[in-house]
Structures are given as structure tokens and as C-alpha cells.
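Have a look at the structure below before the remarks.
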């Protein structure tokens, strides 16, 4: 059960192919698998469909795969903060499927958990409901959303052991566990691989069964909006 | 269309919205004016949820103490409190959809008299996405909208029917604007309160939606 | 936001009524809310419907509410190890709805997460599917299961802070988080209430938003099957 | 009905089932003979899942070291390993239903030639419940049944059609009995292997289900 790979490119060897469907963790630029994204850029894999809450910014995160025109379609809840995204979308070079943020997270968890579909109130009576089955439960309308299963999940965690048990840090957890769950193969990049047995079994956020390959690396962890207050104000 | 009356400023609107919150509530605040509400909760015991995966959101960090792993749903650096917990996005929206959040205070582009809300898209112009707004309005206990009563052209943003793509259908409970406070009730909107210096005639004149007694 | 109560009976004050629906955490006798169960027995609340994976044993766990005839219906996956249960069930004094274990856990999570229903492969073509909608996704049949919302959840955790953040220990976690999620009111009994700020925010298993009342107490934690090996065999 | 041939004993059946497991697999073992499989995995890197919320199940504790908070799905006291993780029941069955468990090795009352499995209920006699068995057979990658080929009366437990309420429809991949190993294939069962001292004629005679070549 060798899961640890030397580089992000090695960790992706044999699992990339044109036209594939990738689920990616991260929210904004927080907790994104930046090393794996760069390795996918280097691999040049094309016509990607990517499910990710956001698409990075122009020069960081998934945005770098827009620059190289490797993405055919995004499934996201929010794509502001990215001028190249807008340009490609408006010129119809890029397809976009909006999913409400909670629906996207739940679709990933469902797909990874053998739930083919689920009924949610989110989006009832809006554009999001178009073409979807509506069912009434206890007098309230719900729409049917499908679980999604990706060819590959790419996620970022804080720590891992060599069996793939993952621990996340603060709000960098976000979409990473559900994204990891929904991939047939899941590759995780981490800041630190720790010896087996050094993670508390009660405190593992994502059990190793969900994680097939791990790579350790150095992360830029860029901040999107640096908001602060002055000590004097406290 | 009449000349736009002034009424409350952004901070007074936020302060009025803060009055909606009660001790012990878990609350989600949208971006813009709703974010300012946190400044006016006083000593009420309010726990702020950030839908990217956090309960117990603290203030901005001191300069130099920003943590890239600790941001809010507006992607701003923030801090944690002694009650804070972190969780993944599926769990976060589970608690939102499941009605565990007592109230969401959100901005709006348009609200209709039946409680319809539009705040995520202007076709052909603004295509950023709904983020978590559709989940919030569908799931939380009470949806309070804080917005300017009229747009810059002096047109009512409180309408008979929304013209923009909806965020949610019949989801708004209360609207707090620069001119006052209105509730969504059967048949239309009811004026609950007037901003200082605003008359009932002024708020009626500034509102396209039907106002009922 | 005062959530801490002095005794289990005080923690249940005002939330019990005859005919109510209760979701309970625990698996076998592990991680069961034993103090709250005893307090419900003392309160004498009748005609209960209880969703719980098991129904305890004759003289411990939910079994004590069978002895006092307080339970009208159980929703469970496994009810062996309980002679009184069988007696009441066969004499039709007790109603029983079997749910596959994973379906029961998911129904609780769904009900607490605003998911009115979900499609699962579990039980397709069996008794469990009788009367349930079948839908085909990608060529495979799934059955529709409903989310459940209980009037009250009773759960057991290891530690809590006074805002209701809970931490569980080892396999005593089991059904406690999903059971907690699905209740309109959730009461948790814990072994220890620790000062606010002493739990690592990254390591909270169930955020306080799900927990309305907390009580600290001493737990018997009975073992159902004591299996051991000899040091010499190791 | 012929006089029941013997073939493998419980431990040999468990050892044969262990041959089904490959390095790196996550596996769920049912109660009874399947539990014994753990004794025969040798130095293969197998992680055992216990559906009450644990990956990386260890052996029974030493006497005096039992922990009431640490049990397996059979409610037996067990121990943890250096790879162990704990999680709640919804997550546990998420990984089961989601196909993350490579194989389940389970006992059975009856198996039919189309892969139907019955192992949870005898109407009017045994009403304990399915526990996690229905989820396991619906979700895991491969379902391997380990069972006696015949009941005490010498009747085949491997049937044209199951007579007992089903645990799952068309879910069994392989059957390991005291007489040998059979696979569920289109049209019936195929004999894969014979137990020591058992002839093909004997296994055919002891099997009600259709055997195909």
C-alpha cells in the first residue's frame, strides 16, 4: 500500500487523460491543491471538466489552467475575481455550470457516498431548478440533485500519514473532504507527512481509505484579501 | 419616481439589523452592509457562521498575524474565538440547509412583495455566481435583507415582481432599508418602522411593491 | 446562551411529551446516552417512537424503556440481544421498523441537513424496498429513503465546552453525530465539561450549533461482549 | 440429497477466503467464519473496516485492557492500530455505499445462482435485523460469501432461488464453502476450485443451484 510519491507530477502519473472530470478542493485560494494544479498544467491535459467552488484568480489556483486553455467546463458556485474566466465564458470558449455552493458540496459527498441523488430546497423556483425534477415532501417543494463521481480528485491537506489519513487546518478544510470522497482516484498534497501512529485516530478528518496517493510539498498559500485591524483599535 | 429621500446611512441600517438578533443565535452575515452588523451586536451572545466552514468568526487579525488558512466566505483574513469550530463545506451547508442557523442577513439587488429575492446575477452584465446565497435563503430560520430602498436612478428595488434571476422564491421575511423596515406578509409588504425623518408617504412613494396595512 | 444543566432530568425539562419521536445515539451499549435514557424512564413519558440502531439489552440502555412499556415503536437495524424486545414485538405490543444501518444513519444526517430524501442502492429488491419509489440512475436501480427529523435527540459525548461543542472517543462516536443533527432539540450528556477555548477548534466532532443542552455525569459504560487475548498469545 | 461430504473445516474456509485479499485492500469482515479470515492474511497489508465507525481494526485487547468505547460491529472489545481512524456511522456507511471498501466477506443462510443473498431473517423464527449487511452487499466492490455448502439436514444452501427474505439482489460475486469455491456467472454458478478430497460430482450433487461450465 505505497501511497507516498516524490513530486506532484509523479503522483499524477497514469491518471490524467484529455476530457477527464476532476473534482478539486479549496475555497477561493484557501486550501487549494496548488502543486497538483501546476502539475496538471505541466502535463498539458486538455478538455478538462472541473468541479470546484471557484476557479482561482488569473495567475494562481485553477486560473492558471484557464490561461493555458486546458479547461473546457467549470462546475462552480462563484467565479468572480477572474477576468480571464469572464472573457473565455463570454466568448463561449468555456462552459460554465453554476451550482449553489451547498448543492455542489453535497453532490460531491453524495457521489462519494453511493447516494445517486438527493432532494434539496436550495434553488427551488430559480434558474437552478430548470430541467430538474421537483417533488413535494410534507407540503414543501424540493428539487432533485445528482451525486457526482469524478475521474480524479485533487485535494490539499495540512498533514498526512503514509496510509493517507488526512488532517486539515482551520478553514482550509472546506471542500477538500467532499471533493476527495467523490473521486475514483484521489491525490492529496500536504504540507507534512508524519510517521504512522503520530496522528490521533480520533482526530483524523479524512480516513486514508479515500486517499490513494500523497505528495508532500511547499505551498505558497496566497492570501486573496488581506484584511487586518490595528492593535490600537482592539 | 420621486426624488430619493435619505433616511438611515449604512451604519444605522446595520445597527437596526443588529436589533433583529437575540442572545444565543447562530447567524450568517452576507457581504457589504450585513458585514457591518457584527459591529452593533453589543453584549448579545451571537455566534457568526462563515459558510466556508466555521462557527464563531472573530474580527480581522492584527497586522502581520494574517493566516492564509483562516478566511471568511468573503475571502477576507479573520480570526478565531474561544468557541470556534471548523468543519467541511458539506457539513457547513448541512447546518444551513437543515435550519440550524437562526437568521441570515443579506444584501439584495431586488426584493418582491411575495418575498422573492434576487441578489446574484444581472444577465449579460454581472455573472459571478450565487455562492452560498441560494442555500442560505432556502435553509435558515429567518432571512433579513438589508439594502438601499432605491437604486442610483431613484427606482424602487422593492418590486411587485423581481426582474432579475431569483436567488430564492418567497424567502424574505424582513427588509431593512435606508427608509425603514418592512415585513413580507400575506398580500404584500407591511411597514414595521420608519427611518428617522422619513414619512409613511415617502416610503410608500419610494416603493413599487404593494404595501398592505 | 446557557446550555449547561445540572442533571439529566433538568436537561430534559419541558422537552418531553407522550407520543414524541426521539433519535438516540449509540451502537449496542457503546456511546449510548445512558443518563438521559434513565431520566426519560423516570419522567414516565409514554408512546415513544425511537430511532436508534439498537434497543439496548434487557436491563441497560433503551431496554429499560421497554421494561416500563414507554416505547410504542422502534426504528432500528438490529434488535438481537434483547428478550423483552422480542416478546413485546411478537405479541404486537411494540411496533418495529427495520432500517438498514447505513440507511438509518443517512436518514438522520439527511433530516438534520435539509435533505428531504435520497436515493440509495441499499435494499433494492428486498423487503426494505416495499412501498418505496424506485428510480434508475445510469442503469442502476435506487430506492428513495426519507430524511428524518426528531422532536428530540439524545446523545452521549466524551467532552463538551459550554457552547455545546462536542468531542467523542473512539467507536463511541458512531450514531451520535447524525442523531444529534436530526433533532429539533438536542440534549447531550458528557463525561466532562471543559472550559471554553480548551478544545482545539480543528478537532471538534460536532459543532455546538447542533447541541442545545448539555449535562455532565458519571457513566457506567457497560461492555456487551468482553473479548480478550492472553499476553502469552501476542 | 446425498450424504453430506466434509471437505474444508472452518479454518480452512477462512484461509481460502483470505487468499481473495490483496495488498492495500480495505475489507469488511462479517461475524462467524469471516471473522477468522483476519488470522490468515499473513503479511499482506489489509485494513479492516468495522462499520460502527473504524478503519484499522486491531486484535482483541489483553485481559484487563478492554475499553468500553472501543468495540467492533459484533460488539466485541477490540484494539486500535497505528493506522486507525474513527468516524461516525453516516461517514462509515458513506464509504461502504460509495464503493470505497474493496471487499466484504460475509456469512449466509442462502445464496441463489443469480447472486441473491439471504442472511438476515427467518420469518417467524429469527428476527434480529440486517444491521449493516444490506448496505455492505449493495456498496462494496466485491461480495464474498463464506458458508457451509449444506445445512444440518444435508440440504443445499446454494439454491435456484432464495426462499428467505433477501439481503441483496444479485450481489454475491464468489461463494466459498466447505466443498469448494464457486463464482456467480451469467446463467448460474461456475466451479472455481474443489476442496481437498471433494470431487466435481460431489459438489454438483450437493448443489441445488444450476452449475454452468
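As written, the chains take the letters A, B, C and D, and residue 1 is the first residue of each chain.
The rule we apply is simple: a residue touches a chain if its C-beta (ideal position, glycine included) is under 8 Å from a C-beta of that chain, and two chains touch if they have at least 3 such contacts.
Predicted model only: the values in this text are computed from it and were never measured.
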Give the chains in contact with both chain A and chain B, ordered by label.
C
Interface with more contacting C-beta pairs, comparing A-D to C-D:
C-D
Indicate the whole-number Å distance between the mean C-alpha point of chain B and the mean C-alpha point of chain D.
55
Cα centre of chain A to Cα centre of chain D, whole Å, reads 36
The distance between the C-alpha centres of chain C and chain D, rounded to whole Å, is 28
Can you give the whole-Å distance between the Cα centres of chain A and chain C?
32
Junction residues of chain A - those touching two or more other chains:
106, 109, 113-115, 120-122, 168-170, 173, 201-202
Which positions in chain D are in touch with at least two other chains?
80, 86-87, 93-94, 96-97, 138-139
Could you classify the connectivity of these chains, where an edge means two chains touch, as line, ring, star, complete or other?
other
If I apply the definition of touch given earlier, which pairs of chains qualify?
A-B, A-C, A-D, B-C, C-D
Tell me, which parts of chain B touch chain A in their complex?
50-54, 59-72, 74-78, 80, 86-90, 92-94, 96-97, 116, 127-135, 138-139, 165-170
In the complex formed with chain C, which residues of chain B make contact?
23-24, 26, 45, 47, 49, 55-56, 80, 82-87, 91, 93-101, 138-139
For the complex, which residues does chain C have touching chain B?
1, 109, 111-115, 161, 163, 165, 181, 196-197, 201-202, 204, 207-210
Contact set on chain A toward chain C in their complex
106, 110, 113-122, 135, 137-138, 140, 142, 146, 167-170, 173, 200-203
Within the complex, which stretch of chain A touches chain B?
27-31, 53, 76-81, 86, 89, 98, 100-106, 108-109, 120-128, 158, 168-178, 205, 221-231, 234
